[in-house]
Amino acid sequence: MATLLQQLTSGLVLGALIALIALGYTMVYGIIQLINFAHGEVFMVSVFGALATYKWFIPQSWQGTWQIALPCMLVGAVLVAVVLAVLMERFAYRPLRNAPRLAPLITALGVSVMLKEFVRNFFPGATAAVSVPRAFVDKAITFAVPGGTVVIQSTGILLVVVSIIGAVLLQTYITRSRMGRAMRATAQDPDTARLMGVDPNRTIVLTFVIGGALAGLAAVLYGIHINTVDTEAGFLNGIFAFTAAVLGGVGSIKGAVIGGFTIGVIKTMAGQYFPGGTEYDLVWIFVLLIVVLVFRPQGLFGEPERVRA
Amino acid sequence: MSAPATKAPVLVANEVSMVFGGLTALSNVSLQLGEGQILGLIGPNGAGKTTFFNCLTGLYTPTTGSVQLRGRVLPHDPASVTVAGVARTFQNIRLFPSMTSLENVLVGRHARMSQGPLASLFHGPAYRRGEADARTRALELLEFVGLAKVHDELARNLPYGDQRRLEIARALATDPSVLLLDEPTAGMNPQETEATRQLIFAIRETGVAVVVIEHDTKFIFSLCDHVSVLVQGQLLVEGAPEVVRDDPRVIEAYLGKPPDEVEAEVRQYTEEAGPDTQVKDTGGNQ
Amino acid sequence: MNIPPGWSWLGQFLLYVAAGLLVIWLLVTGYRALARFLGGRPGLVRPLAIAGGVLAVVGALLPWVTFPLNDGPYPDLATLQFFDAPFAVTGFRLFTLITGVAAIALSFVPRIPVRRVLRALGLGLAGVALVNTIFPLIDGGGFGAITAADGAFAFGGIVTLVASLVLFFVSKAGDLEPLPRWNTKVPRLVAYAALLVSFLVLLFAVARLLNSGSDSGGGSTTYSGPIFLSLLVFFAGLFGALHAIGFAGWLSAVSDDHKLFSVLVLLLAALALPFTEAGTDYWMTIAANIGVYAATAIGLNIVVGLAGLLDLGYVAFLGIGAFVAANLSGAAAAEFHIHLPFVVAALVSATVAGVFGAIVGSPTLRVRGDYLAIVTLAFGEIFKKAAQNNIGGLTGGANAIPGVPPISWFGASFDESFTIGGVQLPSGVLYYVLIIVLVSVVMLVFANLKNSRIGRAWIAIREDEDAARAMGIKTGQAKILAFLIGATLAGLAGSVFAHKTSTVAYDSFQFPESVTLLAAVILGGMGTIPGAVIGASLLLILPEKLRDFSDYRLLLFGLALVLIMRFRPQGIVPDRHRRAELAGEAEGGVPIEELNVPDSPQGATR
């Protein structure tokens, strides 16, 4: 029982992280139908961005004070992620807006390889895992449950809270604000949106910015929660996040969040209880993905694709 | 011309309805297409004409109702429908842009060829004969629609009118008994429109029954044996061109000045004001 | 409180970025202004050509580096010592000299498209100059290598760079000539002779290229990179010039007319490679690897290039083939202790991989487009995980399956060297031959399928799936078939791979390898027959030659993917149609709009 609950909590924390990244995927896919493969790597790079901010951009005397260090890392990470996302959109994806579908997808792949290799080559020490300092109060809360205890890190709670609040705010923004409406309009039909005075380029950039900012947020929380990062962090988390987005139905914010939590929980549960253990946890996630896609190609909360004719 | 389909219709649609979410795009549309007939389908934008074609060809699965070709119910699978003998063109031209005209038509032959993967791998004598026959037939069809000269051009490089005719040739390559044309003259100049009219007559001569969607009513009335009017998903009037043309309901609902309450006319009006400024397929979506 | 170091780095970085942008802006503006100035002055062609040619000759004779580099004197007498032996103009300086003389001479030849030719030669020369300036800069410790020492200034590189620009700008003086079209109706014998000679020249060029800068065993040295690159860009310039005068187009048309003969000659040329200077153990091994990758990439090309389905886990099929073959090879570490003859094992490997291909492809029945990419990626990861954990004892896990015996037919073991007619052939030559056969077979399969009913159906699906269905194509079946055949070919390649490398380990079949395969297809040209081979060759040879940059291999590779998609999405060898289209236009970058496959070609709204 304790193990089950412990795995469930860890799963929820992981799921919160995945959900934050998944939001970026889902928004970009929703608006330009592009699997932005590089989004996972943007997340990874901004973990290093947060780390760099901590190591080289804030004076040593501040590093111990989390009230200062944490916001600084956040700014650094978000800045890195947003700049990357915007550059990517402007120089890699925008020129291909009308190209055959494979072209931007392959470009995204290229960008993601580049980002990863860039960090591996140029961030000192990044050829192996780098440790991220605990810049946050290092507290854990312990609950007594039948048959043992369940431990939850304060950073874990933060992750869950932040991701839920983030998703709610995002949902509100998209449904209520003017820019949000413009986004939805562009997603449905860019040409018509243009006729209605919406600048699709601006809207798309904004989407990338929001996605990037969320990835930056996720990056800092990931860094302080896991306390270590390597260049592989982007690939797998990115894939999980994309899977979450697909599972929930690409384009749907609610879907991304629920998908994220589902994947997080399945990963920890499968690692504990399924044959093969943690070695095969990812296999179960993919099996789930494939099953969902086969039986409900639009995902849990997505809208079915229209046949055009 | 031939009488309305009283005896042995080729294609029969029984009470076809199509509902998208809350929107009823078609409600209980029935239609009979006689052997050798040219049937015109008109109606304002968003009336459901294209949707009807999609239901006939299995691209959509109708919510209720069925379609029969020579008494056999058609499956809801475009490929099988084509194999059964119903071919179509698309309102937004849907050629294979980076294939040549000839290859586009050869793709149309697909269902009438039988070489499997192994034959395709080894290119044996039987395979070559089949391939040569298909080529000959495809070239004939290109000749038929007047595109023989451009058989080696990429489809995307053809002028607009040629693309529309290539789509017809490609559809004919499937040896259909029924050909569905979705706005075959859209964007054509008067000469091209006239040529298309003659082409459709010629197609009928080969024994293919044709259904044509068009907004150009003059074109429709001078071409068809039988005209059906679809308004807001319902079959409003059908009959011989003269009858339909003079029917007050049609005049009111489709040809006339915009009365106050029917939304469809407003759209018809905006279309005349300029099709390009109009937002496509709105209206019905809410 | 002292300021953390990051800020000054950031400041420097931004400064560099700003400077870089400024330089780029200046270059672009200068380029435009110059092009505009020259545009109305066609009379400047000859003076510019002569000026460029003279500068190039001077550049060739000037010193390029002022002192010996860390690893000994820069090859080809780039340093001041050149003046001790002025007549030994070799290596890249020879290319520079040749280009310069050729430019002067060509400007007097009537009836050739001088602008086009000099543009190609100029670009090639620019490549030579850049490679041989940048390399000493990096390797020789900064600008010191080309600036003052011994009171001399080594401006060879700079002068040559200027010369190349001058030559390039010849093409801007007046309008570019149309691409000449030669008469392709030539007597059979002439055609055969032309093809034979061209392919022979190609063979020797490739051999020279492979061995450029190598040590006696064919392996790389410190200077292999720049020497190889210099030769490569020089050849590229020459080829560009041949294209400009219409020869390349003519040859390709002639070889199209005499397909069988061309294919035979090409095959013979490939088989003759072991007899040339590139016939070393080292290059035979590389060539075999290239062959394995090329065969797999051609399989992938069916899936991606023809059917338009992105597969991101494709290397798994190569892996499946390799593991199956390893298990049937009688290797001690294998799960099954049976030793099947290679041909049988290869067929089994291919079949198993094909079955997996069909399984992986089956979601295509329901999953559209991009999602499929993720599904295939997922399958790739599942395969890797399974292999890593030694699933069913079949893969050896982290221990791999070592000791797969070499293929051996009629008592001849494939990894030994042997002698034909007094010529000692390198070891691995039998593998090389086997792989040439394999690649030829795979190419034949691809070519036949592409020009068949099935191939047309695949292309139709790629272009417009709904329209394809409306043509009576059972798209689900067709797509699964694409996966099945592609995977079968990969499995076949895998079986050779297992024997050739003798150790089959899961880490040869991971995501980067899948990306490499995809890159080979894209680089070479999607949907084309020679494309995958050229792509695979480049992707495997470049890392061999550019050992110094091996850390940056993947970085450059990602960059290459992005740039190719942006500027040349049709790859190095454009598809037949593309070529037909290009014949009329100016060659070079094709605007991306042309490659669109828009939903409605003319944007019909009604």
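Residue numbering begins at 1 within each chain, and the chains themselves are lettered A, B and C in the order written.
Definition applied: a contact is a pair of C-beta atoms (placed from the backbone, for glycine too) under 8 Å apart; a residue touches a chain by one contact, two chains touch by 3 or more.
All values derive from a computational prediction rather than experimental measurement.
The chains in contact with chain A as well as with chain B are C. Remark: the per-chain Cα centre closest to the mean position of all protein Cα atoms belongs to C. If you average the Cα atoms of chain B and of chain C, the two centres end up 47 Å apart. The centroid of the Cα atoms in chain A and the matching centroid in chain C are 35 Å apart.
Residues of chain B in contact with at least two other chains: 59, 90-92, 94, 280. Listed for chain C are residues 466, 595-599, each touching two or more other chains.
Shown for chain A are the residues that touch two or more other chains, namely 307-309.
The residues of chain A lying in touch with chain C in their complex are 29, 33-35, 52-53, 55-61, 92, 95-96, 98-107, 109-118, 121, 235, 239, 242-243, 246, 276, 279-280, 282-283, 286, 289-290, 293-295, 297, 305, 307-309. The touching residues of chain B, when paired with chain C in their complex, are 45, 57, 59, 77-79, 82-83, 87-88, 90-100, 103, 106-113, 115, 117, 119-123, 127, 131, 134, 152, 154-157, 160, 163, 170, 174, 183, 186-187, 215, 271, 275-276, 278, 280.
Within the complex formed with chain A, the residues of chain C that make contact are 1-7, 9-10, 304, 308, 310, 312, 363, 365-371, 373-375, 377-379, 381-382, 385-386, 388-389, 466, 511-512, 515, 518, 522, 526, 551-552, 554-555, 557-562, 565-566, 569, 592-593, 595-599. Put simply, chain C touches chain B in their complex at residues 445, 448-449, 452-457, 459-460, 463-464, 466-475, 481, 485, 575, 577, 580-581, 595-602, 604-606.
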